[in-house]
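The structure that follows is given in the form of C-alpha cells.
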Amino acid sequence: MADSTDILTVKGLKAYYRMAYFGIDREVRAVDDITLSIRRNEVYGIAGESSSGKTSLIKVLAAAIRPPLEVVDGALTYRFGDIEIDPYKASSEEVNAIRWKHLSYIMQGSMSVLNPVRRIRHSFSDFAFQPMGVDKKTFWERTRAHLERLNLSPDILRAYPHELSGGMRQRVTIALATVCQPEFIIADEPTTALDVVVQKDVLAMIRDVQRQMGSSVVFVTHDMSVHANIADRIGIVYAGRLVEEGPTRTLFTAPKHPYTAHLVGSLPRIGDTTTKAALEGRPPNLADPPSGCRFHPRCPLAIDKCKTEVPPLETVGQSHRSACWRADEVKPLAPVAGQPAQVTP
Amino acid sequence: MTALLDVTAVSKRFAMGGILSRKQTDAVVDVSFTLASGTPEIFTIIGESGSGKTTLARMILGLEDPSDGQIVFEGSSAEERRNAARRLAFMRRVQPVFQNPFEAFNPLKQVERYLEATARTLLGLKDRTAIEDAMDGALQKVGLSYAEIKGRFPHELSGGQLQRVAIARALIPEPALLIADEPVSMVDASLRMSIVNLLRDLRDTFGVSVIYITHDLATAYYISDRIMIMQKGHVVEMGPARPVLETPQHPYSRLLKQSVLSTENAGQGVLEPADRSIARAAWENAGSGRLVEKPDGRMVRE
Amino acid sequence: MRDYFTFVLKRLLQLAAVVFAGISAAFFITHLSPISPVDMIVNRVAAQSGGDPLAIQDLRDALAALFGTDLPLHEKFLNFWGRFLVGDLGPSLLAFPTPAIDLVMRALPWTVGLLVTSILLSWTIGNILGGLGGYYQNNRFLKAFGVLAMGVQPIPYYIVAFLLVLLFGYFWPVMPISGGFSINVRPGFTFEFIASVIHHSILPAASLVIVGLGISFLGMRAMVSNIVTEDYVTYAELAGVRTERVVFFYVIRNAMVPQLTGLAMALGGIFSGTIITEQVFAYPGLGSLLVNAVNAGDTTLVLAVSSIAVIAVAGAIFVIDLIHPLLDPRVKVK
Amino acid sequence: MFAIIRDLTRYNIEFAIGCVLVGIITLFALASFFAPVGPTMIYVVPPDMPPSLSYWFGTNSRGQDLFWQLSYAFRNTLTFGVMVAAISRIISITVGLLAGYLGGWVDRVLMFFNDIFVSLPIFPILILVYFVLRSNLDMFTLALIMGCLGWPFDARLIRSVSLGLRHREFTRHATFSGMTPRKIMFEEHLPYVMPIVLATAIANMIWSIGMEVTLAVLGFTNLNIPTVGTTLYWANNHSAMIVGVWWWILIPVILIVTLFIGLFLLTVSLNEYIDPRSRLRRMGGA
C-alpha cells in the first residue's frame, strides 16, 4: 500500500518517552509501531482521547520532538517534488530547508504560539520571508494577497497578538502556516478552544486553503464531529497504536473496530432521542498498558485471545484497515447514518 | 406550586479598570426564570464564551452578587445568607458540579477528604461509621462505592470516575439543586456519556433538579427539559428544550444550530461557513427588543 | 496615550506615598534617638572656647530655636516637612554650620556615578551572557561562567570588596584602595583629575559589578530556560526561523521585561551594597557620609542622607516602572 | 518528606555538597557547647600564634583561641539567621496566604504595605536603628527587626502562588464541602507553598547573615557578642592584615564563604526540585 506518489510514508514508527528522574526510570510508549501513509491533496484526520499518543505522533511527524520523547525505531519519508527526506536521518540544515516551504505546522493553543511582544507583521517576516525566497516587495504583496484570500484584513499585520480575539488569532496562525503554500500541513487541535460559531468558520477556512493549494493536511482532534466534517480519511489512535483507519464515511457507517463503533455511535445528535451508552473502564496508562489488544479491558467483544495476542492492523475493505480479532462482528451502535440529513427550517 | 429558585430581572455589571478610568461591561442583563420545587427538571443554559452563562451560575451559587434584580432560593435571597450558619444551610440545598474533574480535587490530597468534610460540616455527622455510611450512600448513587475510592489520590482515578466522585460529594447533603457548569467538556469522549446519563438519572431517580450550563447543543438536546439561550448577557430564546432546538426562531439560536457540526454527511467535506446574513443579524441586534411569548410556550426576543 | 498618562499619574501618586512614608519613618526613628543636637554642639563649642556660662546659655537658646527642640514631636514633624519642601534640611552638626543638604549634594555625584556605571555594566553584560547561557545550555564557557557566578552570588558585598582590597591593595598593590581621587590632584575638569577618578573607581565598581553580574546572569539564565519551553519559541524553531533571530527577538527580548522589574525590585538592595563598598574603599559618597554621621551622632545629617536615599531609590523604581509598559505591549496601562 | 531528602542526596550532587558543607559548619558551631573557655574572655592564651597543632586556627591579638572563638561566633550567627528566617517566614506566609486567598481589599491593603516595604532601603534603616539603640541593640532585637523587614519579597511570591490556587476549582470544591477559610488556607494551600517557604527560608538566612556580618564589620552592632561579623571587626580593629595575623581574617572568611555556598547550593537544588519545568529538563537528561 505504500505508494511512491504518497507524500508521506511512515513505517513501523516507535517513539517513546524515556525518563529517569530521582531514581524512577519510566518508559512511555506514546507511539508504538505505527504504519501509515498520507496521500497528496487529502485531509487525514487523527482521532484519539487524551494521552492516547496522538499528539506525540504528530510531533514526530513534524520533526518537532524534544527529549524525553525520542524516535526509537521506524522510518518516515516525505516526498516533496524531487526531494525525498527522512527528517530523522537528514541534517538539521536539510530539515530547516523544507520547513515552512514544504512542511508547515499549526500548533495547539493559538493563545501562546505567537510572540506576545512582537507585531504580527514581524512574525510573518520571521517565519516566511526566507522560505518564500523573494524580495521584500513581492513578499509583502503576496502576504497581503494571501490574507485577503482568507478574508483577513491586512491591517492585522500591525496588531499585537493580544489585541486579537481567540478566533482571529487562530485564523492568523493558519494564514501564517499557509502563506508559503506548503504541500504538507500538520494541524494540532486548531479549533478546540474556539466557540462553536467560530469553530465552523475556522474549519471551513482550513478546508478552503487546502483545496485551493492542493496540499495534504494532517488534522488532529479528539472531536469526532469535527473529523466528520473535515477529514477525507481518519486514523483512530488508542493507547499509542493505530487501531483503525479508513475513509471518513466508512468509519462512520461501517466501523470495524469496537472502539470506533463506540466513538461514532455515542455522539448525541439533535433530533435523536435514543439513549447513548458510555464506555466503561478508564483509558489505559501508557506507562503500563494492558497486554494483548490494549482495548480489551473495555471491549464488549473481548475474548481470551484478545488478552494475550496483539491484533495486527489488517485490510478489511477498500483502503480500510482495522486491528481487531473480531473485526467482522463489529456492528455500528447508532441508527445507521446516511438517512436524509435533517432539514433546518 | 412554590418556587425552588426564582431569578427575577437579574443583571450583573463588572467595572473594568481602576479608580481613574471606569468602564463597565454588562455580563448578564435582565434575566428571569423560575424552577418549580417538587417537579425536578434539567434546565439548560446555552451560550458561547462571553454570553454570561458562567456569571449567572456564580450568582445563583452566591459567589457573586447581582447588580440588579433578585435571586431567591427557597424563599431566601443572597443578602439573607450573610452569616456562616445560613451559608451552610444554603449549601445543603444547592451544590455545584465542576468543569474539570482533575482540577476539582487537590492533587496532593486523597479524594475522600472532600466527601468527609461535606458529611462532617453539612450533615453535622461526628461518628466515623455514620460518615462512611453517608459517603458510601452517595457514591452508590453514582455507581461507585466507598471501598473503590478509599485512600485514593486523584491521579489514580480516571476523569470520568473523578467527575462521578465530585457529583457524589455534591449529593451527600441531598441537595434539591445541582449547578453543573460545563461538566463534560473536559471529560474524554468515551466517558462523557456516563456523566450526562448520570445527570439524567439524578433527576429521574433521586428528584434532583439540575441547572446544566453548556455550549454543546447536542448534549443539551439529549438531556434537557427546558433550555435558555444566552447571547452577550441577554436571553434570546427560552422554552421547552426539544422544540426550541429543533426549530430555533431567534437569529442567534439559528446561527448556533447551524454551527453544530453534523455527522450526517460524514466524509462529504461539506462545510459551508455559517450563513453570514444570519450571523450579522444575530450580532447586530444583540440585546435589542424584548422577550415575547409564543403559542408553543417558548419566549423569543424580538 | 491618555491611558499612559493616567498610568503615569497613578505611579506618581504611589511614588509620593512611598517617599512620604519612607522619609517620615526616618524622621521618627532619628527623633527617637536620645542624643540632643543642641547639647552636642554646645559641648563642642564649650570645649573649644573654654566657656562663658552666659554666652553658652545664649547659644543654647539660639540653637534650641533653630532646631526647634522644645517643640512637641508633631510640631517638629510639621516643621521638618515645611522646611524639607523648600530644600532646607537644617545645619549639619558634624560640620556645623554647613547645611546638611550641601554635604549630601557634594557626596551624591560620587554615589550616583559609581552606581549607574556598575549597574549598567553588570546588568547589560549579565543579561546578555545569561540569555545565551540559558539558550545554549551546553556551551562550556557559559557553563563555567555559571558555576563561577553561583559561587560568588551568595557571598555578601562586604566580603567580595574586602577580598579585592586584600588582593589588589596588599598582595599585588596596583590599585588605590581608598578615596575618590589622589590627594595630590586638584579637582577640576582636567585629564589628570578624571584619570585619577577613574583609577580610584575601578576597584569599588569592580566589587559591585562582580556581584551584580552574577545575580543578573543567574536570573536571566533561569528566566530564559523557562522561556525556551514556551510555545512561541518552539513554534519559531519549528518554522526554521534563524537561530540568532530566535535568541534575540523571541527569547532575550521576552525575558527583558521581568528582568527589568527584577532590577527595580533590587535597587534598594544595591543601594545598601554601595554603602558598604564606599565604607570599605573610603569612597566619598553618600554611604561614607551616612556612616560618619551615625558615628558622630549627627541626627540632621543622618536624616538628610536617608531622605535623599529614599527619594533616589523610589525615583529610580518609578523610572523603571514607566519604561515597563513601553517594553511589554501586554501590560494594560490601567 | 524524608523520602524527598533521601532522593535529593542520592540524585542531586548540589544538594549533597550543600548538605555536607552546611553540616560541617553546624557541627563546628555545636562544638562551642564543649568549649573550655567563655566567649567573652580575653587574654587567656598567648596572642598572635599562627595555626598549629595546639591552636588549630591560631590565636588572635586579643589572646583568644580562634577555634573556640569562631565556634561561638558561628553558633550565634547561625542562631541569628534561623531566628530571622523563622520570623520573616511567619509574616510572609500569613500575609501571602491572606492576601492571595481573601483577595479584595485585604489584598490591596496588604500589597500596598508590601510595596512600601519592598522599596525601603533596608541597610540604611538598620544603621538608623543602631543610631538610636547603640549598644542596647542585642542579637534578638536585631533579628526581630530584620525579620520584620525581610518578608515582602517572599510574601509576594507566596501570594502569587496562593492567588493561582484560589482560582483553581478544588478551592471552590473545598468551600462547598463546608471547609472554613482557615482550613482551606492551611490545609489545602499551605502544602503548595511549603516548598517555596523552605527554599526562601535558606535564601533569607544567607541574606540576614550577610547583613549581620556587614553591620558588625562596620561596628554597627553589639561588639561584645562573638559573631562572624564582630570577629572580622576586631581583626580590622587590630589591623590584623597589616601586622601579619592573616589567619584572623582568612579563616573566618573561608568558613563563612563555605557556609554561604553550602546554603546557596541547598536553595538551588530545592528550587530545581520544586520547579516542574526544570524537572522536565532533568528528565530529558539534557
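In order of appearance the chains are A, B, C and D, and numbering begins at 1 in each one.
Rule of thumb we're sticking to: contacts are C-beta pairs under 8 Å (C-beta built on N, C-alpha and C of every residue); 3 or more make two chains touch, one makes a residue touch a chain.
Fair warning: this is a prediction, and the values are worked out from it, not measured in the lab.
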B-D or A-B, whichever has more C-beta pairs in contact: A-B
Chain whose Cα mean lies nearest the overall Cα mean: D
Farthest-lying chain, centroid of Cα atoms versus that of subunit B: C
Distance between chain centroids, defined by C-alpha means - subunit B, subunit D (Å): 50
Centre-to-centre distance between subunit B and subunit A (centres being mean Cα positions), rounded to whole Å: 32
Where subunit B and subunit C are represented by their mean Cα positions, the distance between them in whole Å: 56
Per-residue overlap in subunit D, given as positions that touch at least 2 other chains: 280, 286
Shared interface positions of subunit B, touching two or more other chains: none
For subunit A, residues that touch 2 or more chains besides their own: none
Residues on subunit D engaged by subunit B in the complex (per definition of touch): 168-170, 172-174, 176-179, 183, 188, 191-192
Touch list for subunit A against partner subunit B, complex: 43, 49-50, 195-197, 199-201, 203-205, 207, 222-232, 247-253, 259, 262-264, 266-271, 273, 275-283, 298, 337-339, 341-342, 344-345
Sites on subunit A touched by subunit C in the complex: 62, 64, 95-97, 99-100, 104-105, 107, 109, 112-118, 122, 126-127, 130-131, 160, 162
Subunit C to subunit A touching residues, read off their complex: 230-232, 234-236, 238-242, 245, 249-250, 253-254, 257, 327-330
Footprint of subunit C on subunit D - complex, ascending: 115-116, 118-125, 127-132, 153, 206, 210-211, 213-214, 217-220, 232, 241-242, 249, 253, 256-257, 260-261, 263-265, 268, 277-278, 280-281, 286
